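Okay, so subunit A shows up in both of these, paired with subunit B first and subunit C after.
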Partner chain A sequence: MPALPAPNVHDGSEMTSFSGLKPLAMILPGLFLAMFIIGYPVADLAYTSLQEVSRFGKLQGFAGFANFAEVFSDPLFWSSLYRTAIWTVCVVAGTLLLSLPIAIMLNEDFYGRGLARVIIMLPWAISLTMTAVVWRWTLNGRSGLLNATLMDVGIIAEPIEWLAEAQLAFTVEILVGILVSIPFTTTIFLGGLSSMPQESYEASMVDGATRWDQFIHITLPLMKPFINIAIVLNVIYVFNSLPIIWVMTEGGPANGTDILVTYLYKLAFRFGQLGKAAAISLIMFGVLLAFTILYVMLVSRGDRQPEEVEEG
Partner chain B sequence: MIRAKKPVLATSLLVLSAFAGPALAKTTVDFTVAEYSSKTGPYFEEVAAAFEAENPDIDINIEVVPWDTLLQRLTTDITGGTAPDISIIGTRWLLDFAEQGIAEPVDEYLTPEFKDTFIDTFMAPSVIDGKIMGLPVAASARAMIINADLYEKAGVSPPTTWDELYEASKKISELPDTYGLGLQGKEIETDAYFYYALWTHGGDILTEDGMSGLDSPEAIEAATLYKKMLDEGLTQPSPTNYSREDVFNLFKQGTLGTIFTFPMLIPQLQAEAPDMNYQVLPFPEKASKATYGVTDTLMLFSDSDVKEEAWKFIEFAYGDEWRSKFDRGEGFLPVTKNVAAEEYFTADKDVAGFAAGLPYAKFAPTIANWEEIADTTVRALQQIYLGQETPEAALTAAAAEINKIRGK
Partner chain C sequence: MQSKLIRSIVYWVILSPLVVVILFPFGVMFVTAVRPRDELFVFPPTWWFSEFRWGNFAEMWVKTSFGQALLNSVYVSVMSTLLALALSIPAAYALSRYRFPGKGAYRTFLLMTQMMSPIVLVLGLFRLMVALGMVNNLNSLVLTYAAFNMAFTIWMLQSYFNTIPRDLEEAAWIDGATHFSSLIRIFLPLAVPAMAVTGIFSFINAWNEFVLALTMIRSSDDFTLPVQIYSQVAGRYQVEWHHVMAGTVLATVPVAIVFSWLQKYLIRGMALGAVK
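Showing the complex of A and B:
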């Protein structure tokens, strides 16, 4: 933006002084702080990943790409990576699909809306770890609340061991992941919905649009920036989320629910392979960075065209 | 928080000395304590208070850390340069600490009289390359506990061999809502639950030439037996959803005929299932007698600046009255001779039942990368219990992987 000429501004001289070094200088302190907070750990991580590291984190000398070679030749890394992709896509997609209707409902004016909003937001107030612990108890095969309820109601005759097999356990974990992501996402959407221009809706009603038409042609396009930010933030949170899987199954049975971050935790703090763990952390950082850049590029390219048409 | 600890202490000491004028400068000994139960923290605070009363110039700073996060916590502290002066650790980690030069050999501090107070069996696992790298601080042996009421109901007598256990479990499983044997298949010590069967079948974790013993015929026989009992409904279904505590809880509820466990379960049983008639028995045999002996070690850090003071505290804490109180409170077997001779530990039938196995107890081998090897074993067992692999295939693959981890 600062590079753009400002032809339609009356007082040109004042603006040109801003388009020089001044704005750059003004963001420098913030930039330095961000670089230090984000850059230092990443640089340290990159340095560690190229070193041979002892059981207790002492650097033993340059190892080249040995840690990375070890990571890439590890079948557990690849299966964890694959599962991380499934985990992230399912949790984020599920969250978005549920949060948007929830937000639209909560945006309507109805009796008890305040209470309903509080109930939806409530899981947010509890730490992820506690939520996971509660679910672990609830899903316990013989003494869990869920099985007891289902058996009382008569839906199942025998208790189901929810966390005994990897596939079922992972599915359950994804559902819990969706549940805990809903409050945050709903909040973003509610913010978006409350800024919707009411005139568009009224105008479309005059033209005979159904509620579905309104949703597709007004709500969705106007909500796009909010959906985009929800996608990016959720992907980052979910991709890196340890507590749910760790508390419920520790990545087991037989590594069947391990995602990258649980595998990383095991490597670093159980097996003491800090070099390999640093390499995986760096790979995870790279994946997220690439995703974010790619996504932002895709989104901004999609946004720019209509704007140019309008202005032209 | 961790990093801030020392500066904060230092400042508070500065402030203190500023107010107290020429008062004594206190030496602080940082002691990381593993939390065995809710009694552990208060117990060590009490020892520290008694010690500080006798030694006003030394301050013992106790930090209680749960077992699950202890290794992670120590790793972070060591990496960050804020390691404590002494810590309780699992003896199975000791080799890693010793190899990295983090543990201080205690030979030169250990007077012959002090050394003589320990039972030799428990001292042995702490000796690495001829040097004593730490002191045994807690010990337990495992045993079989049966629900005598269920055995009586089913009309079977307590088993002494695996064949008898199998037959008895069949009868007990015929009772409504009960299973013969509790089988652990998840999280900490899932591998230990298998070693009990492995050892009594005549196998071992490592063979004499240092290779993994998981692919031995004895190991495959032991795993096949567990799987057979699982498939025939003699254990609770889906063991991969049952951690150690989950299995113990089933036993407390009276659902299981037999479990393999540690002495610490006895006080829990008495509190939570006071009406149950239980019996502590040796493990069933096939080819040999065995039990799992587990010790924890009190380790001195080589980076510590206050080793003399730390050692003074250690000697104090190993006084008979303190050890006796600790072992009784936590339900451990005594590691010192004087405490072992106390009537409580010789006359009580439960404690005696666990102590009976000590002469033939096996310990986890002191080898590097133990946690990773244990994890590989657990993965193989879970594949077997889930039916993803046959016992032979899973254990052979695990043995190969363990040999690779060990660089063989």
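Showing the complex of A and C:
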């Protein structure tokens, strides 16, 4: 990029003599806190997962991989894992399929666009816990206002117990999950769309391309990096998300809506099976790390060009 | 002009199902919050109710000790935001202005901790707080929220700091100002809006956090708002839904308004930094 200014004089003389220890001193306090609050638990989980732990949290000695063996022979672990996969894939796929057209519409000029933006971003502003509490009441099997509405409109004749049966409850939770993930994903896409070169659209218009052609041949390829980032970030967030399922059904009825995080939370704080919970935490940490590394790779790929110029 | 009108109508029609689904729970929240108690569990269920009971809010405030939970939430959110900002501002300044050994590794570390979710570490964090003797202490939340928010605040601040021209500071150095005084007199005043916006988002993150608060805080006197409202719902035979909804209205609406108002800064900060 030729347009960038050459490094100035101060960068050469003062900045370097100055930038030895001082910048390190500026980042260290925060780094210590983060290392401590994040590093200690990781180390502790790794240690605990290899220990035999009593119901009261006392470590009773080295147990090798017994906790992991126990986890892998637990049918509830496998069913939670399976449901975590369904939950993640459905929420992320649903979110992306809805968010891209929404972002494309919000990127264009129409009457009331500002209002539409505020409304669509609204779920982001509210904590997942509160959203889940309100939906739990909305979906109340007897007096919930969703039943009231559907009965008034004549879609159903009898109230439906939305959260009493696992399959239906899980489906509803996935839909709520999609709803709360749309704002963030739409935001990423809006960022991508705002950097689209307008000329290619105009040129393709001259060539007689339809809007569908434009979408397939211009928008989609240019949006690919943003779609990748949206997928990875959403997978990370959704895979880890406890509040919706925890507040709406607590993983019930009969563990029928448990995903790994809710199962892990129950093992740790309800059933006192710390060794097993630590083992699951570590497994999840590994998965999270893998996706995080993928994310870092995606981001640094997108960010390299300007960065290299700036840092020489 | 004609085509814009047609497009507006088409877009609103396409968006309307989503708009309805988003606004629906807000409707439920308000209608339930102002309903007389004996009209909660009517059958068949209906939106209709006989009168606005604004007294529900006052009643809820007293019965659920909402004020205490509000104070706890304010304390935790303010303190964790101040701590995160105090540690992030120098770090973001260093990232934005200096070269130093390990800068690339540090940026990678930030990106990775930004993705780190408390829930995966919750058991280890709990054991850490037991070891520190800080269970049931709001400061355990201050520390953890600050630590988990810091990656985000450093990224946001750094991306805004990059937009503040260096020339101004450099001009001050030429005029004989020390780095420290140029930092205080020239850089910081220009950075105030960025710090305010970042601080508000950090505040909202802390305000909305659930899992750690649920885990670290055991006595109801120390509950933060999300846990306090959750505790009104979970494991109860008889849920006072009008109180719960009045509580969610008070806990969410002010934050939602601030968030909607500042959202464009978040989008800008993300576009500049984290998601590029």
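Convention: the second predicted complex is superposed on the first by the 241 of 312 C-alpha atoms of A that agree within 3 Å, B and C clash if a C-alpha of one lies under 4 Å from a C-alpha of the other, contacts with A are read in each partner's own complex, and residues count from 1 in each chain.
Just so we're on the same page, contacts are C-beta pairs under 8 Å (C-beta built on N, C-alpha and C of every residue); 3 or more make two chains touch, one makes a residue touch a chain.
Since the structure is predicted, the reported quantities are computational estimates derived from the model, not experimental observations.
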item	value
Which superposed partner A:143 touches (first subunit B, second subunit C, both, neither)	both
When both partners are placed on the shared chain, which of subunit B and subunit C touches more of subunit A	C
First, second, both or neither for A:214, with subunit B first and subunit C second	neither
Subunit B versus subunit C as contact partner of A:163, first or second or both or neither	first
Which superposed partner A:54 touches (first subunit B, second subunit C, both, neither)	first
Touched partner set for A:131, first subunit B, second subunit C, both or neither	second
Subunit B versus subunit C as contact partner of A:269, first or second or both or neither	both
Partner chain(s) touched by A:200 [first = subunit B, second = subunit C, both, neither]	neither
Partner chain(s) touched by A:40 [first = subunit B, second = subunit C, both, neither]	second
Which superposed partner A:253 touches (first subunit B, second subunit C, both, neither)	first
Subunit C-contacting residues of subunit A that also contact subunit B	57, 140, 142-143, 250, 268-269, 274
Subunit B residues touching subunit A - in the complex, by the definition given at the top	71-72, 74-75, 78-79, 96-97, 99-100, 102, 185-187, 236-242, 246, 249-250, 253, 255, 369, 371-372, 375, 378-379, 382-383, 385-386, 388
Contacting residues of subunit A [partner subunit C, same complex]	8, 10, 14-16, 18-20, 22-24, 26-27, 29-31, 33-34, 36-38, 40-45, 48, 57, 98, 101-102, 105, 108-112, 116, 118-131, 133-138, 140, 142-149, 151-152, 159, 179, 182, 187-188, 190-191, 194, 226, 229, 233, 236-237, 240, 242-243, 247, 250, 261, 264-265, 268-269, 274, 277-278, 281, 284-285, 288-289, 291-293, 295-296, 299-300, 302-303, 311
Residues on subunit C engaged by subunit A in the complex (per definition of touch)	4-5, 7-8, 11-12, 14-15, 18-19, 21-29, 31-32, 40-47, 87-88, 90-91, 93-95, 97-103, 106, 108-109, 111-113, 115-117, 119-128, 130, 143-144, 146-148, 150-151, 154, 170, 173, 179, 204, 207-211, 215, 226, 229-230, 233-234, 239, 241, 244-245, 248, 251-252, 255-256, 259-260, 263, 266-267, 270-271, 274-276
Residue ranges of subunit A touching subunit B (in the complex, touch as defined)	54-58, 140-143, 161-166, 249-250, 252-255, 266, 268-274
